[in-house]
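Alright, structures below, take your time with them.
Common to both upcoming complexes is chain A, partnered first by chain B, then by chain C.
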Partner chain A sequence: MTSVSIVERGGGPPQRRRRSGGGFSYVLPALVLLSLVFVLPVLLLLLRSVTEPTLGLQNYAELVESATYGRVFLNTFLVSAVVTAITVVIGYPIAWLLVILPRRWADLLFGIIILSMWTNLLARTYAWMVLLQRTGVINKTLIGLGIIDEPLTLVNNLVGVTIGMTYIMLPFIILPLVTTMRGIEPDLLRAAALCGAGRLDAFRRVLLPLSLPGIAAGGLMTFVMSLGYFVTPSLLGGTSNMMAAELIAQLIQSLLNWGMGGAAAFALLVLTLALYALQLRLFRRAQAGRA
Partner chain B sequence: MLLDFHRLGGLKWVLVGIGLFVAAFLLLPILFTVALSFGSSQWLVFPPPSWTLRWYEDLFADPRWIDSTLTSLQCAVLVTILSVGLGLLASFGLVRGSFPGREAVRAMFLMPMIMPVIVVAVALYAFFLRIGLGGTLVGFVLAHTVIALPLAITSICNALERFDKAIEDAAILCGANPWEAKLRITIPAIREGLFGAAVFAFLTSWDEVVIAIFMASPTLQTLPVHIWGTLRQDLTPVVAAASTLLLLFTLALMVVAAWFRGRTK
Partner chain C sequence: MSKLLSVGALFGAAILWSTPLLAKDMVFTSWGGTTQDAQKEAWAKPFAKQSGINVLQDGPTDYGKLKAMVESGKPAWTVVDVENDFAVKAGKDGLLEPLDFSIIDKSKLDPRFVTPYSVGSFYYSFALGYNRDQFRKKTPKSWSDLFDLSSFPGKRTLYKWSAPGVLELALLADGVAPDKLYPLDLDRAFKKLDTIKPQIIWWSGGAQSQQLLASGEAPIGMFWNGRIDAIRRSGVDVGISWDQNLTAADALVVPKGTVDKEAAMKFIAFATSAQAQADFALLTGYAPTNTGSKELLKPDVRATLPDEHTQGQINLDMAYWAEHRDEIAKRWYDWQGK
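Entry: the complex of A and B
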């Protein structure tokens, strides 16, 4: 609670007007909508994963045993991990810049990040499809500069997915990092300098450890979001190296295999929620550490 | 030292270099799309041999682009109204109520935000097929409201927590009835939160594609679904034209948002 009202604390006349334990009727309409259009459908899907084609856990057994499904989940992990690593390495200096740049320049950089974030997802993915194709600008530039002789295959494979996903995810790691780095006391670094620490020492022993909670929380969030992404991987990826969300879509929409589709969806869901719980703990610890 | 821009020394220029690189990386696809939409080459040659408005003419001549845009607008407006309305009510309950299980309800409201969208999409696809809401505007609106609601509630709850309830109580002491006090005192005071909720809800629906792909029918689809379908066939510059118009729309929204923030300060 950020503000406690005076009347509530003092228990004046309006306080009596409020029924104790009240307020539930206010949340009821949204709760009904959410139960009918979210909770119930998800539960029904999970139910189908253990009842179709027959009652039992055979769908989950197949999910674990099958080499095909295993490869899809491995691909998903791999791409998400690489995307997370790249976004952390690029996002960290950008967050740092946003904290220390003179106001006008910080605002400009911030505006560019927000603009890219707000631009329609499909519009951005389309741009990468065109930029990365064999006859696209990037291949032509590289050939023109004499760096490569043959055009690189940058799209319809995991390279394309990684580039597109990095682009999409970058703002999502920069923003939490900025919050963490704003909370670091500049005096601590001045103290480090007074104690004789050089720039490298001060970075390694003061700035980096203090921004670690932000890196962990932001990185985990990027990783989790990447795991479930659908649009960018299916447009920039190939047919031979699918990611988890595409597998679910295909099982259900093309193969009408509701049992397997439900099981794969549930696996992704559990994984996502478990990682979010972990992130929440990291975040809490970071806040406790600061207080 | 490290957090003081002017005392960074050589490191300053390393950081600025990376900043310029990332700014270029973020802007490149956007500028490139705009350039392509005015280029004459159907094969997306860059730089284009000459400039043309042909793709915009194609766009406006095709009723499917117009129809899907209108569907998207209609859907987004309804989602905005529904999310802000339900979100406002729910926020009053969450911030001021004291019913048992309040924290659980709050957590449940935020669930659609952290769930992978694909899971929500296939679950709703199955459910709406059964109850006959697949391929209908009502289906689109309900599905999008569910994922817009967490953002609306977060924005309104933040505003409501900052607002001092004593002011509303004072209005009641002065003779206003509780509804009048909420309507004339509290709601104007939290208008920035409401506006934020509306923008988030609108954009959530407007940009949403995964659920919409599963919800769409051959006769009823949103703009993102139409772009998606077009992209799967070929990389026509008409998509670049559509993307450019979407970009202009986003910029306009950002300007309005900035203007609104400036005005309420």
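Entry: the complex of A and C
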């Protein structure tokens, strides 16, 4: 058994992918399944958005005209962008630490990050609520230390949402970053040092460019996931920074206004895809520019 | 080996999958948490024992899901606990089975909460709750105290969603007579709410409301009465004012096209019986909808229930809300977001 696989792997040049169309038939079942499970429901919702309550585009017209929906969407993208930026800034050094730490410590740190991911989302969000509130640990500590006199308003507003979401999103940026960083030869950094680069230069001109794909992948994932976030903004946010998912859930679950809910969901999807395409394009251009 | 395992898994999955379809099973859906636990204890368990019909629990209630199930033609839910204004609207929209009152005895049920498609499952009040630690000298008494920032400073917490309750209490605080509440004067209500808007922390679920009150984060606010009761029983010093408490009921409904209509009717008949309603009230602090339940409860328990506080009690008008919920919602979110 073992010997066979060695022979297979070792024997001959690596096989190029065959050019015949045979590959397509392999992905066909997966494609059908994905279409049924993901594409079809979206299309049905899209259909509802132009047929309920009556045939036409009135839901979309209202979406564009209403200041409320506009504000909710703007807020959604703003919060997602802020959260993404902060997760990159915090996640980057943690990811690098995971790469350079001795194995045992890295495993421990990794365990903590994974464990936080596995803990119930609702429980984590409530925990933040308790920590951040006016009578919470953070405010009490700061007052006790004499740093502030009045409790800070850290929750039920944008600050609360940002802190909670950043915390929840961190693993999603750290993991892709670690994968990318592990692929970077440490020798390159040593070589940079030998050539006279200071730490900052080595970071700016060697590490950062090489880890850029990780930042792009992780950042995009964080951004897109943030756009659809529901529980955390609902519990830690105020009403002036409601996010799109909450509004859509409310329209569909409680008000049974599926036409409007569908229109809002579809608009969010289109905007997300547009941003995704834009980032992909910018990223490709940046890569091509360097090559 | 792995083949055997996967066959076993498939078999297991098949059994699990088919369970709700067996004739002797039904699915009861409610809001989860302590309320559903109590419904399971007081209604589902004894009902299963008596009838031989096994009651599976699902939740939380989601109107979108209910509508989708009915439209798909085979709802998996047999009986669902919903809010009363939804019951009224869904009955009109053809999402519900008419109830069979030859099985369900409505002669003993509070007529305020009975429609052709629903009966009250329990009733609650929105009442004024406060944390005594923060208001030692003077305690708040009425909805207008909720708006009195100088006598009762601090954050206040109100129900976040566009639903019966908040607008009504704002109007009452502004001096509108209880019998003149409907149709709601939205301009006036929002104007009144504007006066405390920066001080409002919105709660979106019962557990959150309890957390806010118990921690003192928001020492005063509107709450479901059962939630205040639960905090008090856990040892936190909270007070409640029943002055102009606003009542509404949850309702039991049957999604249209459900597989086992008869089991549904039997379950509802059982759940609204005097004993089952009394048992549920004992566990939750919400009031029974069966008028015969009172005598089955001890006086000290009865004192905590909304049906002992009918003096000045105001019924939220579910028919009005069923009609106007959409348009109110638009203004509600618009105002909240500003």
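Worth a mention:
Methods note: the second predicted complex is superposed on the first by the 229 of 291 C-alpha atoms of A that agree within 3 Å, B and C clash if a C-alpha of one lies under 4 Å from a C-alpha of the other, contacts with A are read in each partner's own complex, and residues count from 1 in each chain.
Throughout what follows, a contact is a pair of C-beta atoms (placed from the backbone, for glycine too) under 8 Å apart; a residue touches a chain by one contact, two chains touch by 3 or more.
This structure is a prediction, so every number in the text was calculated from the model and none was measured.
In the superposed model, A:Met129 makes contact with both chain B and chain C. By the touch criterion defined above, A:Thr68 lies against chain C but remains apart from chain B after alignment on the C-alpha atoms of chain A. Of the two partner chains placed by superposition, only chain C is touched by A:Thr239; chain B is not. A count of residues in chain A touched by chain B and by chain C gives the higher number to B.
By the touch criterion stated above, A:Asn156 is placed in contact with chain C alone, chain B being left untouched. Of the two partner chains placed by the overlay, only chain B lies in contact with A:Leu31; chain C stays clear of it. When the two structures are aligned on the shared chain, A:Ser254 is found in touch with chain C, with no touch to chain B. Contact with neither chain B nor chain C is seen for A:Thr179 once the two complexes are overlaid on the shared chain. Across the two superposed structures, the residue set of chain A contacted by chain B and also by chain C is 126, 129-130, 133, 135-136, 235, 252-253, 258. Every residue of chain A that touches chain B in the complex is listed here, in rising order: 1-3, 5-8, 12-14, 17-18, 20-31, 33-34, 37-42, 44-45, 48, 90, 93-94, 96-97, 99-102, 109, 112-116, 118-131, 133, 135-137, 140, 167, 170, 181, 184, 186, 189-190, 192-193, 199, 202-203, 206-207, 224, 227-228, 230-231, 235, 245, 248-249, 252-253, 258, 261-262, 265, 268-269, 272-273, 276.
Within the complex formed with chain C, the residues of chain A that make contact are 66-68, 71-72, 126, 129-130, 133-136, 156, 234-235, 238-240, 242, 247, 250, 252-258. Those residues of chain B that touch chain A in the shared complex are 1-5, 8-9, 11, 14-16, 18-19, 22-23, 25-30, 32-33, 36, 43-46, 86-87, 89-90, 92-94, 96-100, 102, 105, 108-109, 111-112, 114-127, 142-143, 145-146, 149, 153, 161-166, 169, 172-173, 178, 203, 207, 209-210, 214, 224, 227-228, 231, 235, 239-240, 242-243, 246-247, 250-251, 253-254.
Contact residues of chain C toward chain A in the complex are 62-65, 67, 86, 89, 93, 155, 160-163, 201-202, 204, 207-208, 211, 215-217, 325-326, 329-330, 333-334, 336-338.
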